[in-house]
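Below you'll find the structures, each written out as C-alpha cells.
In what follows, subunit A forms one complex with subunit B and a second complex with subunit C.
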Partner chain A sequence: MRQFALRSTGIIFLLILWELVSRTNLIDPGLFPPPSQVISALVSLTLSGQLPKDVFASVLRAVAGFVLGSIAGLFVGAVSGRIRAFDAVLTPVVQVLRPIPVIALVPLAIVWFGLGEASKIFLVFWGVFFPVWVSSYLGISRVDKNYIWAARSIGIRREKLWLQVIVPAALPTIITGLRTSISLAFIVLVAAEMAGSYLGVGYRISAYHLVFQIDKMMGYIVLMGALGFIADRTFAYLVNRALPWYQLSVNQD
Partner chain B sequence: MAGHVVVKNLGISFTGKDKTIWAVKDVSLEVKSREFVSLVGVSGCGKSTVINSIAGFVPPTVGEVTVDNQPITEPNSRRGVVFQSFVLFPWKTVFENIAFGPRSRDVDEKAITESVDQYLKLMGLMKFADHYPQQLSGGMRQRVALARVLINDPDVLLMDEPFGALDAQTRIFMQEVVLNLWESTHKSVLFVTHDIDEAVFLSDRVYVMTAAPGSIKSVYDIELERPRHADIRLDQKFLLYKKELYEAIREESQKVLGPLPTF
Partner chain C sequence: MVFRNFKLMLGILILVLVVSGCGRVSEEESRVTLGQGMGVLNAPIFVTNKMNFWESQSLQVNVRPFVAGRLALDSLIAGDIDIATIGDTPVVYGLFKHPNLRIIATVMESNRDEKVIARRDAGIDSPDDLKGKRIGVFFGTAGEYYAIRFIEAQGLSKEDVSFINLKAPDMVAALSNGSIDAYVSWEPHVQNGLRALGDNAVVFVNPDIYTETWNLVTTVEFFNNSPETVRRVLRAVVRGVEYTNANRKEAIDITEEQLGLSRDVLDSIWDDYDFKVVLSENLVTTLKNQGEWIQASSDLSKGKSLPDYRQVIIDQPLREILPVAVSIP
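== the complex of A and B ==
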C-alpha cells in the first residue's frame, strides 16, 4: 500500500503540473488542453458509445494479428532452430525479409488488402512474426545440451524430448520475444489505422488531428497507452499463473 | 552381476577449424560390478570426456567402451549420470524432477508417487517436494539429482565432479551420503574428481590421468577397510595413499601450469 502511494506520487504530480501549465495559459490551451478537459472528452466519448466501439475494433485487430503472428513465428522458429534442412532453407528467407521496417509495408498492405480488417491484421501479423521467430529460433537452437543429455540418460524416449525438455528449456527466451511483440503490435496497429480506416483508436487520433480537436485526440492517445499497459500486465500475469517456475528462473542464476 | 564397465584403448577426437584435437588418447580402465572407482586428473585432461563416452553422449573415435560386454551406442537409464552443474529441470518441481524417469517409461502413477516419496525421505527432502530447484541450496539440488538417477535403479552410476560446485562442508557431507548409498545399494560407480582426498576416501581403485590429451598414468588399489567413516582421513594408510596420488598429480599439473614463478 505504501509502495502504491509512493508510486502514484509521480503520476499525480505530473497531472497537476500539466493542469497548471495549461490553466495559466503558458501554452495555448487549444494546443495543450488540461487533463480535466481530456478526461471529460473521454467520458462523453464513452457515453456516446463511440469509444467502446473503437477500443473493441482495435483490440480485436491487435489480438488477431498477435495470435496469428506468434503461432507462425513460434512454429517456423522451432523447426528451423532444430532441423538442419529447414534452417538452411527458411532462415535466409526470414533474414532477407526481417530488416524491412513493417511501417514501410503499410501502403502495400492497403493496396493488397484494402482498408478493412485484413490489412490491419496482416500488418500486425508481419510485425509480430519476426521478433517471435528470433526468440523461438534462438531459444530452441541453443537449448543447453546437458538438459538433453540428462533427460536421455534418465530414459526419456526421443519423441518425448520436444515437449518435455526442448520447449520448456526454450520458454524463457520465447516469453521475452512474445512480450516485446505485444508493444510492437500496438505500434504497428496505430500506424495501420492512421493510414486508412473507419474505426479504431489509431484512426481517431488521426481523424481528430485533421479537425483540430486536440482534447479528443489526446484522450485517444492516453487510451492507447492504457491499452498497451493493460496488455503487457495481462501477459505477465498469465505467464506467472501458467508457469510458476518462470519468475524464479529469471530472478536467480 | 550387472554393471561391468570396460574401456579399452579409448581415444576421442574433435575436429576443430583446421585440425583434429584429441581430448583423450588411449584410455583403458575397468569398473567391475559393484566397485567404486575414481578417475582423477588435472582440469582439461579429458576426465569428463571419458564419462560422456560411457554415458553414450559422445561416441569413441577409436577403441571401445562396453558395459556387460555390450558396446554402448546411446544413453540409457541403466547408466545414470550425475553432473557437476546438477542439470535439474528448472520447469519441474523437486517431485517432478525425481519422477521424470519412471514417468518417461509410463510407470503407473501410484507406484511413481510411492517410489518418489521413498527417495525424498531417503534424501531428507520430504518438505521440499513442491519446491522448484532454484529455491534449493547446492547440496539439496545435488541430492535431488542423485534421487532422479537412483529411482531408475541403474547398474552403473557415472558421477562427473558431482561435488565440484559445493562448499567444503557440504562436500564432505555429500561424500558420506554417497558412500552410505553405495554401501547399501552396491552399484558400480565411476567417480570423476580432481580432489585426491575425495577419491581416496570413496574408492576401491583410483586411476590417475595424464595431462591433455589424457591417458591413464597410473592405478592405485585403495585397500582401506569398509565401511569407512570420516575419521579414516587421519589414518596412516589413508595419508600414504594421498601422498602417492598427490605426487602423481603434481607431475601432471606442472606440465600444464609450468614451473612456479620466482619472485
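== the complex of A and C ==
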C-alpha cells in the first residue's frame, strides 16, 4: 500500500508539473495542452465509442504479432541453441536480418500485405522475433553442461531433458527476452499504424497530429504508454501465476 | 628579440584582418533555412534554387525538402526553418494552434493539381462510384479539403466513404495492392499512380470546387527580426517565377530532376499551374472558406472565433517589390 502511494505520488507530481508548465505559457499552450484538457479529450473519445474501438484493434494486433513472433523466436532459438547443424545454418541468416530496423520495413509491409491487419501483425512479429530468438538461443545454448551430463547419467529421456533441465535453466534469459519484446511490440505497432490504417492508437496519433488536434494526439500517446505498462504488468502477473518460484526475479526487473 | 616577435605577430594579425575584410561581400549576407514541399506546384522554388537567384540577393539559403508542405509547417512552428512553401489548408489548420503564422506571397495557383485516382477493377468508372469506397487521403493537406469538396459535389457526405490517412508517397503502393480503392493527391503522386496501374486507373478532376494556392509562409517573429531578409527572399522568388514562365523547357528539366517525373508527363500537365507571385483576394477567400469548414467539421476551433485571415497576410514587402502583384486592399 505504501509502495503504491509512493508510486502514485510520482505520477501526480508529474501531472501537476505538466499542468503548471502548460498554464504558465512557457511553451505555446496550443501545442502543449495541459493534462486536464488531454483527460477531457480522452473522456469524450471514450464516450463517443471511438477510443475503445481503437484500443481493441491495437491490442489485438499487438497480441497476435507478439504471440506469433514469440513462438517462432522460441522455436528457432531452441533449435539453433541445441542442434549444431541448425545453428550453423540458421544463425548467420538470423544475424544478417536482425540489424534491419523494423521501421524500415513499414513501406515494404504495405507493399506486400496492404493496409489491413496482415501488415501490422507481420511488423510486430518481426520486431518480437529477434529479441526472443536471441534470448532463447543464448539461454538454451548456455545451459550448464554439467546439468545435462548429470541428467543423462541417470538415463533421462530426451523430452524430460528439455522439460526438466534445459527449459528451466534457460527460463530467466527467455523471460527477459519476452518481456523486452512486449514494449517493442507496441513501439513497432505505433509505427505500423501510423503508416496507414483504418483505426488503432498509432493511426489516431498520426491523424490528429496532421490536423493539429494536439490534445487528442497527446491523449492517445499517454494511452499508448498506459497500454505498454498494463501489458508489462499483465505479463509479470501471468509469469508469477505460472511459475510461482520465479516471482521474485520478475518483480526485480 | 621579443619586440621583433611582437612586430611580426602584429603584422600577421593586420594581414589576416585585411584579407578577411576583402572577402566580405559589400552587402551583409543573410542565412535563411527554407522548407519546401515537394510537388510540381513548387517548380518556381526549384528553379530559384537551381539558378541560385538567392546569391544575387546576398542570401545563403539552406533548402530542406519535405514530402508535403504540411510537414514543413511542423518545422516552421518548431523554429527549425525560417520560411516554408505550403498549401493553404495546412496554414488554416495551423493558425488555430499557432496564430503567429504569416503568408508573405502566393507563388502558384491551380485548380487542377489535386486529383482523384481510382481502380477500375474496384468498380469505379465515374465519381459517383466512389460511394462506399476506401479513399486514401493525406490528412491536414489540401488533398483532404479537395477530397471533401469533391465527394460533396457528387452529393455524397464524409460518412458515405471511408477516408484513410496515408502519406502521399505510400498511396501508390496502397492503391496498387488493393488496400484502397482510390486516393486523392497532388502531382507527382497521381502520375506515379497512373504509371503503376496503367489501364486499370481512372482519374477524376473537378476544377470548379477549389483553387489551391501555394504560399511562402513565415512567422511573425522571423518577419519582425529579419524584414530585409524577407524582402530579399521575395525578390529572388520573383526572379524564379519570371524565369519559370519565360523558360518552360528549362523549368521543366529542373522540376524533372527534383521529382523524377518524365519531361513528357510534366509538359502535359504544366499548363495546369499558374506560376505567379501574387497576394490576391482569392487567397483570403480560400483561407476563410477552409476556416469555416474546419470550424463546422471538427472541434479544433472549439471556443474560438475564426482568425481575421486578412491579418494573416503580410503584404507590405511584396507591395514594395512588385506593387502590381498585390490586389488585396
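Throughout what follows, the second predicted complex is superposed on the first by the 241 of 253 C-alpha atoms of A that agree within 3 Å, B and C clash if a C-alpha of one lies under 4 Å from a C-alpha of the other, contacts with A are read in each partner's own complex, and residues count from 1 in each chain.
Note that in this section a residue touches a chain if its C-beta (ideal position, glycine included) is under 8 Å from a C-beta of that chain, and two chains touch if they have at least 3 such contacts.
Source: prediction; values computed, not measured.
K.L.:
Would you check which partner chain A:160 touches, where first means subunit B only, second means subunit C only, and both and neither mean what they say?
P.N.:
A:160 sits against subunit B, while subunit C stays out of touch.
K.L.:
Once chain A of both complexes is superposed, is A:243 in touch with subunit B (first), subunit C (second), both, or neither?
P.N.:
Touch partner of A:243: subunit B, not subunit C.
K.L.:
Name the contact category of A:64: first (subunit B only), second (subunit C only), both, or neither.
P.N.:
neither
K.L.:
With the two structures laid over each other on chain A, which partner does A:197 touch: subunit B (first), subunit C (second), both, or neither?
P.N.:
The answer is second: A:197 touches subunit C but not subunit B.
K.L.:
Answer with first, second, both or neither: which of subunit B and subunit C does A:213 touch in the superposed model?
P.N.:
Only subunit C is touched by A:213; subunit B is not.
K.L.:
Would you sort A:107 into first (subunit B), second (subunit C), both or neither based on which partner it touches?
P.N.:
Only subunit C; A:107 stays clear of subunit B.
K.L.:
Quick check on my understanding: which residues of subunit A belong to both its subunit B contact set and its subunit C contact set?
P.N.:
none
K.L.:
Could you pull out which subunit A residues touch subunit C in their complex?
P.N.:
Residues in contact with subunit C: 28, 30-31, 107, 110-116, 195-198, 203, 206-207, 209-214.
K.L.:
Can you tell me which positions in subunit B touch subunit A when the two form their complex?
P.N.:
Residues in contact with subunit A: 52, 55-57, 74-77, 79-81, 83, 85, 87, 89-93, 100-101, 104-105, 132, 134-135, 148-149, 152.
K.L.:
Taking the complex as given, what residues does subunit C use to touch subunit A?
P.N.:
That would be residues 70, 77, 93-94, 96-98, 134, 136, 138-141, 144, 162, 164-167, 170, 173-174, 176-180, 298-300 of subunit C.
K.L.:
Where on subunit A does subunit B make contact in their complex?
P.N.:
Interface residues on subunit A, with respect to subunit B: 144, 146-147, 149-157, 160, 164-165, 168-169, 171, 243-245, 248-249, 252-253.
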